[in-house]
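Multiple structures follow.
You will see chain A twice below: alongside chain B first, and alongside chain C after that.
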Partner chain A sequence: MQTKEITFKHVGQGIPRRDGDEKVRGLARYVDDLNIPDCWYGVAVRSPVAHGRLKTLRYDPAFDFDQVCVVTPEDIPGKNIVDMMGQDMPFLAHDLIRYRGEPLALVAAPTRQLAEQAAAHIQPDIDPLEPLYTLEEVIALHKTDRSKLDELSAQTIIKGSVDEGLAAADKVIEGEYWAGHQEQLYIEPQGMVAIPEKDGGVFLQGSLQCPYYIAPELIVTLGLPLEKIRVKQAAVGGAFGGKEEFPTLVAGYCALLAMKSGKPVKMVYDRCQDIRYSTKRHPAWMKYRVGLKNDGTITAIHVDFVLDGGAYTTLSPVVLYRGILHTTLGYNCEHVFVDGRVYRTHTFPDGAFRGFGAPQAIWGLESHMQECADALGMDAEVFRLKNYLRAGDKTGTGQVISAEMDPPAVMLETLKRSDFVNRRTLNTYGVPRDGKFFGVGVAFFGHGSGFTGDGEMRLQSKAALDLDWLPNGKPGVNIRISSTEMGQGTLTIMPQIAADGLKIPMACVDCPLPDTKYVPDSGPTVASRTAMVVGSTVYGAAEKMKALLEQYASDAFFGGHPCHLEDGVLTCSAVSQSQTFEDVARRLLEEKGMQRVVHQFKLPDTVVWDQKTFKGDSYPSYSWSANIVEVEIDALTLEIKLKKATSVWDIGRLMNPVLAKGQIEGGLTQALGYALMEKMGIRDGLFDADRMQTYVVPTSLDTPEFDIHFMEYPYPHAAPGAKGVGEIPMDGLAPAIANAIKAATGIRMNRIPITPESLWEAMPSTRKEIAS
Partner chain B sequence: MSVSLRCVEASDLLLPGSLPEALAMMAEPEPPTPLAGGTDLMVQCEAGARKPPARLLSLKQLPELKGIDEADDTIRIGAGATHWQIRNHADVKVGLPGLVEAVSMVGGRQIQTMGTIGGSLANGSPAGDIAPYLLIADAVVEVASIEGTRQIPIRNFLIDYRKIDLKPNELIVAVTCKVLPEGAKEGWRKLGPRAAQAISKIMGNYRGKIVDGVIESFAVSLGSVAPTAIRLPEVEAFLVGKPLSEETIAEAERLASASVKPISDIRSTAEYRKWVAGRLVRGFLTSFTKGNEGSEGSEGCES
Partner chain C sequence: MNPETERTWIINGEKMSVTFPPGRRLLDVLREDLKLTGTKEGCGEGECGACTVIVDGELIVSCLLAAGQVPDGAEIMTVEGLEKTEGGRLLQASYVEKGAAQCGFCIPGMIMSSYHLLSRGEPLSQPIIREAHAGNICRCTGYEKIMEAVSAAAEHWPKSEAKS
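Presenting the complex of A and B:
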């Protein structure tokens, strides 16, 4: 499919969010707003220890358990397993307990108060075992005695011979980088309701990203066939990956309680429960060893990449894959060795979070590339541009950068727009000017769009379009996809794309919230894939629907002469007549009823991927960006202020520039929190910053002046030609800020978040002042 | 009437029409819990740090708690005055500029509109942003019960961590501050983990006067470095009569740092707080040499 010949009318326009109005007015119905008659409330009985063996559950004889419904492992109709990777997580712990707060039993009651009371009257007897909590402890063992660690996943990437490359180097530069837990902090916490159905099935509605994760994953546990597990998305006010795999757990808890009690059962976490008992971004540690020639050539890149996976495997292997694939992404190097591992700890399982391993990897990569440039005495941009991938070059897995990409273009444009070369003359390198340190920093990076490797081939994503009566009583087209709206604009861009494929007005296209009863599986709403993969699938379906309408109109109205649909009008030049889309669709619906077309996504046949050796085309395409930031540090207090962030983005063809910019601004703000604020410790096995007061995310007053600019290099194999925008804004800001802090203070900060406290620790001169 | 501070438990809400009526209700053997803006109370109940009280006594409608009145060299602020009212009050802006700065950085607009000065004081948090200012303004807290009224200097009112001189049947009625004297200057600085909606890592206020390059008077207070907001008497004693030189400033910084014993908590570390305590004092003193534009870093939100 060649995108260049297509002209777009709606795609590329800054159409306002279709769901904006109802969300601003408070009309959107989140799960807790659903009014379900006779709904019971569910809670979990949670383990008070992080690691141990459960002996028994003791039920307080003074409490009347007849008024509530209790589910223990014996009540699970299928297997007591959460059907995710590794299959190592039980729904309810029955023997080994691996994190504090792990559910041991479930309770439902007519009120939340009663459910909480009942849960408090069930006491576990546990033999405690020694817990392992932190990545620091993990890395100490990783360096000394790996037999003491429980490895959840491992993968290497090998290109050439890293030893040969290191041997050929004039200099080898080493560095270690650390990143902590990060909480998604979506607007509304996790919530789900399960309603038992008459046929023995269960209907689940809730705050979720991936309806077709929940339904098939619950088959094993509930012992129900797929058709009897129906999942519908309620309005979602934000997810960031936190509602990717995790909602399966809440869905399972609610479904088990609903099936046993025969009542609808709702669980809505409060913020504190949500932070304590839901997934976080994986903490990461990286060690880079990079071989360099004195002229700036990179001869070898060796990376150790370790993730703290938390208590169970869940999605960690996939996070690891994306992580290691981004540890060298962008740099042209013959000799690469990446050793990736995920180890188990006794904290809540880590999981999906915007970027999915890539922000950790790029934090290390772009910090270290600056160290390399500094070690050679080369300018940041000169070193990067010398080594950056260009069309025809090969990545670490041997993927050829195709001709329609020009990664360095975004860098060159960012350098220009930020006036980097002049601004860096103001860097203070450790000597404050007028009471402030000042520095400019760069990061240059890419992000793989869509599922890793051949994932998009295996997913076989489908989109359906239904020609049907719309809620306004007029004929129109319903988009039936499992992709979810979670603030990023799915419900707006999909009608833009469908309207362009069909050549009808956007008002004739609707995109209802997904319900597995009506939508085919378009894959999960993750991996920056929705606009590129599902958008293109919707476009393909729209072209099919257009052909169907043209065929029908030709038969029904134009005596069999071919006609052409354009701007909502079907015109037959042979008979010089035309009919509106509405009239044709009405006649068709009255005559034949609802019409459905389905389209399936395909990658070009040329894509090759070997999942074992990690060789080949690791992603269908890549988005590219450069971030250049200016940072000011108050010499009096070491408070760090991001003043300005200039960034240029190649995310393929823009579906909606206003929404794309919103994704970038929001993502950069989230990345700012990751870099400078969001600190999550562990106290007695629980995350310590478990409230919005203590888990500090940026407010709009913390945001810098943003200069955001797009350069469009459309993806040629999937019209309309989007690449990924969802995750890439999370990737590069942290290293850009750390590089600016180095330019300001002369100090390399290798652990995020970077706070005034950590900067103070790292600046011996400031410490001396206090000692005096 | 009943209200719910946490979704599972309801409290009875009492709505007295006047202060005497309220004090009579407070005189009952099991007095109700006063409710002003609710911005501390609701959060504490929701977080499980406090059991939702069975009975709440609303203060918002009491006329006696509302006024802000100037008299000679003092301003009396009713306990029910909100941060937003204080921030926008013409007399307070002139007479207590440092208080305007401090309340401008409490939470954000929503919290400033609901939260009251009385609530802030009664809450007794060492991280509260108001008490340090009251210390340098020699404030007097007026509390009342059915038995009568007590006037308590702020430094006696703040007893210990979350402990204040307020009996269970008393209400805070007002706070009276000394206005900034002629020729004196005051300022404020708050360090929080972000630009707004932030509980302080440390904050402080000063009020002082310099005549011909010599420090005539200097009061300085800090919050979040001790169980209560504190004045720094050693620093103050050292500074009075000294010329405002770099030598003086460096010694004051050292003394300030040495005189506090902060703790590490989720917001900051003891070491950083100790260091930065001295830095704030340095900043206050250098602001004297920088004309009269007030303190630094006080970008109040939503001004």
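Presenting the complex of A and C:
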């Protein structure tokens, strides 16, 4: 059955979040709130240089190291590697040091103060080597001498012949675009506690997105089998990708210290440590060359896409894949060539952050598409609507846009709601009016739902439902998934989905925080995949549980006649009798004990992907959006104010409109920071904005008037039909703002964040005179 | 060793005595010594506002205040004390209903700013509500639903808790 034909009772309702009450009462337990008796505190001894060779660690003989526990590479039971892509990162550097702050040893002590004192009495001797810090240095070498660069990953997308396409063009428009580091700045810093178990295993609790990243990744390092590494999520105070792969490091540090000391060991980073020594969004540079016919047809798109990966590979190849796949997404073009590369620098490894390469790509794409429209003298919307992908068209990898999607629909609706065509008559084009520049800008974009390429096929995500006694003493259903709640609403939408699959009241469904002791691997909580992939897996499990209950009730209550579960009641028409879900579940539990059903996610057989050639269906589906923004710039101070943001979103079927809107508002606010505020430089190998005082994010005074609207085109192949909302709000606001700034000032800003200072520097002297 | 400081405060309506070394932050005394872990530390330098509490009617960030500076007999209100007041319960319900909490980590401080604003009983406007929460950073919500929750609670605010 097509998902759009199913009717839902709970899905689609703005049900208040289930963890809301404990959060507004201060009762939610984040990792630093856990009361763990006799817990020691862990710290890292970190390298003071960014690039060099470690000769030795000197222990100050004046310090009594007997009162603390020290872990060096020799103490690691397994291999001294972090089991991520590339396997090039050691847990503790023992020879080559690749970033400033890289851990060389670990210390645990009964108090944080003592642990820090001990760490300060361990001094490394290092032979320094020449460091490479910034993307600017990387790009200079990328253009002149690539042999001097260390390439961590590379991938191309080839469609048609880009040379042929460029040769057929009336005009070729070129442009370069830059994006800086961005810090996730979840308000709860990184934290983990490791408790040694009696059987030699270790129990980890912490602030994390992906329990089944940590457990299997630590097998190699800890030398323990999977079943002896238990990972449980504590309440998570924001993550945004920053708690995707990174927590494996803190988990490993704590586990190594706990296994050696025999004590529970906790690490909670302070804000400065967190910003300095955790992942950021990859800085990116793009060069677009787009061939155009005078009528607006795009004949070729050539993109160079380069990411600064930081010191180690970690997730960079996958960030690169998502990045290059979004560099041309949304536009119909026969000839595409995308050359993607990630190079190593000597800064903290860059990693996952909401959007995962796509915000960088769409920053370049939608800035450049506006440049193309401007070069042709075409209106922004006319150029875009001429070239949009429509049902039946093919993306850069040859994926056919299916009939269930209508990408231009969101654009048409956004144009209407924002009154774009009239509002742009107020654009100031460099001549201020009443002391202000004013401009309206647009961006159109899509975002791939779920893992890239064949990722969802390889993951084989599972969800379990347990018919069991709930904490309230009544029979009910526990949802067992590894998807985490980090503010986005997993604990609320999953019971909505399960209740609809089972046809029982939501009160009979619980969704405890994941603990690998109880939950199967549903894959990581990333890639806008939870509602779509795990949600549909939960729905499938719920249908199985419903069948199990109907079979049991038929045998136990209705003399073998079939019955039907609806609205929490099992009714047998043959004998004209009915039983409540609660009564049937109670008898089943008393008779046979807990009942578990498991369901596994499956993509339709028609999905084809070739990872080698990067051809085929690069994502199971796509969400689509258009953002139209109004920007006002003070002509004297060049303060840039985002006044209004109108946006329309096709994220498939809405699971919960209140939560979905919260995702959009929050994501747009992070995107506003990315576009205009969040500036991170490198000083002596460290991030220079390493405090909240210096890394400035939007406050309640910075956000614009939001007009947010949804259009639902459900994913047809997996009920309930969500397509993903987590990342897409991060994607399009920066180019929309830059396009509005161009309409206001006449200046193309090609580097984010765009600050009053950078705008001043970009202004020609005549404009500076007008402005002053 | 420095002598310990001793204080007796009224915390969330209950008399509590505590001793601590000089210089210890009020935040640490609340979280670690008194186990009132509702109040959170997000930055340790007064920027994020997650540790906001009310001391003798003043909104303060408890990471920047030495506990010794809070005199004997002071009245301290933390997020745990909200539900003991009618206005606090109203605010909590409004936050939940409007979807104002996402990850929830900023909320114990944010909601104290809301309570402090509404209990002053002054005329409100959207700019005033926004200004009153500008010292609390939320990275999840974009502030919209928090503003909605505060506006909704203001409409039904109990008169007994409006004091100047």
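Here, the second predicted complex is superposed on the first by the 764 of 772 C-alpha atoms of A that agree within 3 Å, B and C clash if a C-alpha of one lies under 4 Å from a C-alpha of the other, contacts with A are read in each partner's own complex, and residues count from 1 in each chain.
One rule holds in what follows: a residue touches a chain if its C-beta (ideal position, glycine included) is under 8 Å from a C-beta of that chain, and two chains touch if they have at least 3 such contacts.
The structure presented is a predicted model; accordingly, all values stated were derived computationally and were not measured.
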Open item on the list: Which partner chains sit in contact with A:637 here, chain B, chain C, both or neither? Use first/second/both/neither.
Closed with: first
TODO: Could you tell me if A:249 is touching chain B, chain C, both of them or neither one (first, second, both, neither)?
DONE: neither
Open item on the list: Quick check on the superposed pair: does A:186 touch chain B, chain C, both, or neither? Answer first, second, both or neither.
Closed with: second
Task: Which of chain B and chain C A:19 touches, first, second, both or neither - done: second
- [ ] Based on the superposed arrangement, let me know which partner A:240 touches: chain B (first), chain C (second), both, or neither?
- [x] second
Task: First (chain B), second (chain C), both or neither touched by A:701 - done: both
Open item on the list: For A:669, using the defined touch cut-off, is the partner it touches chain B, chain C, both, or neither? Pick first, second, both or neither.
Closed with: second
Task: Contacts of A:270 with chain B and chain C, given as first, second, both or neither - done: both
Open item on the list: Looking at A:229 after the superposition, I want to know if it touches chain B, chain C, both of them or none. Which is it: first, second, both, neither?
Closed with: neither
TODO: Going by the touch definition up top, name the partner, chain B or chain C, that contacts more of chain A.
DONE: C
TODO: Find the residues of chain A that appear in the contact set with chain B and again in the contact set with chain C.
DONE: 270, 691, 693, 697-699, 701
Task: Residue ranges of chain A in contact with chain C within the complex - done: 14, 16-17, 19-30, 32-33, 35, 184-189, 235-240, 270-271, 486-489, 658-659, 661-662, 665-670, 691-693, 697-701, 703, 706
Open item on the list: Can you tell me which positions in chain A touch chain B when the two form their complex?
Closed with: 111-113, 116, 270, 272, 634, 636-639, 677, 681, 688-689, 691, 693-694, 696-699, 701-702, 755-757, 760-761, 766-767, 769-770, 772
- [ ] Report the residues of chain C in contact with chain A in the complex, numbered from low to high.
- [x] 31, 35-45, 47-48, 50, 78-80, 82-83, 91-92, 95-108, 111, 130-131, 133-147
- [ ] In the complex, go through chain B and note every residue touching chain A.
- [x] 7-9, 43, 46-48, 108, 191, 193-199, 254, 257, 266-269, 271-272, 274-276, 278-280, 282-283, 296-297, 299, 301
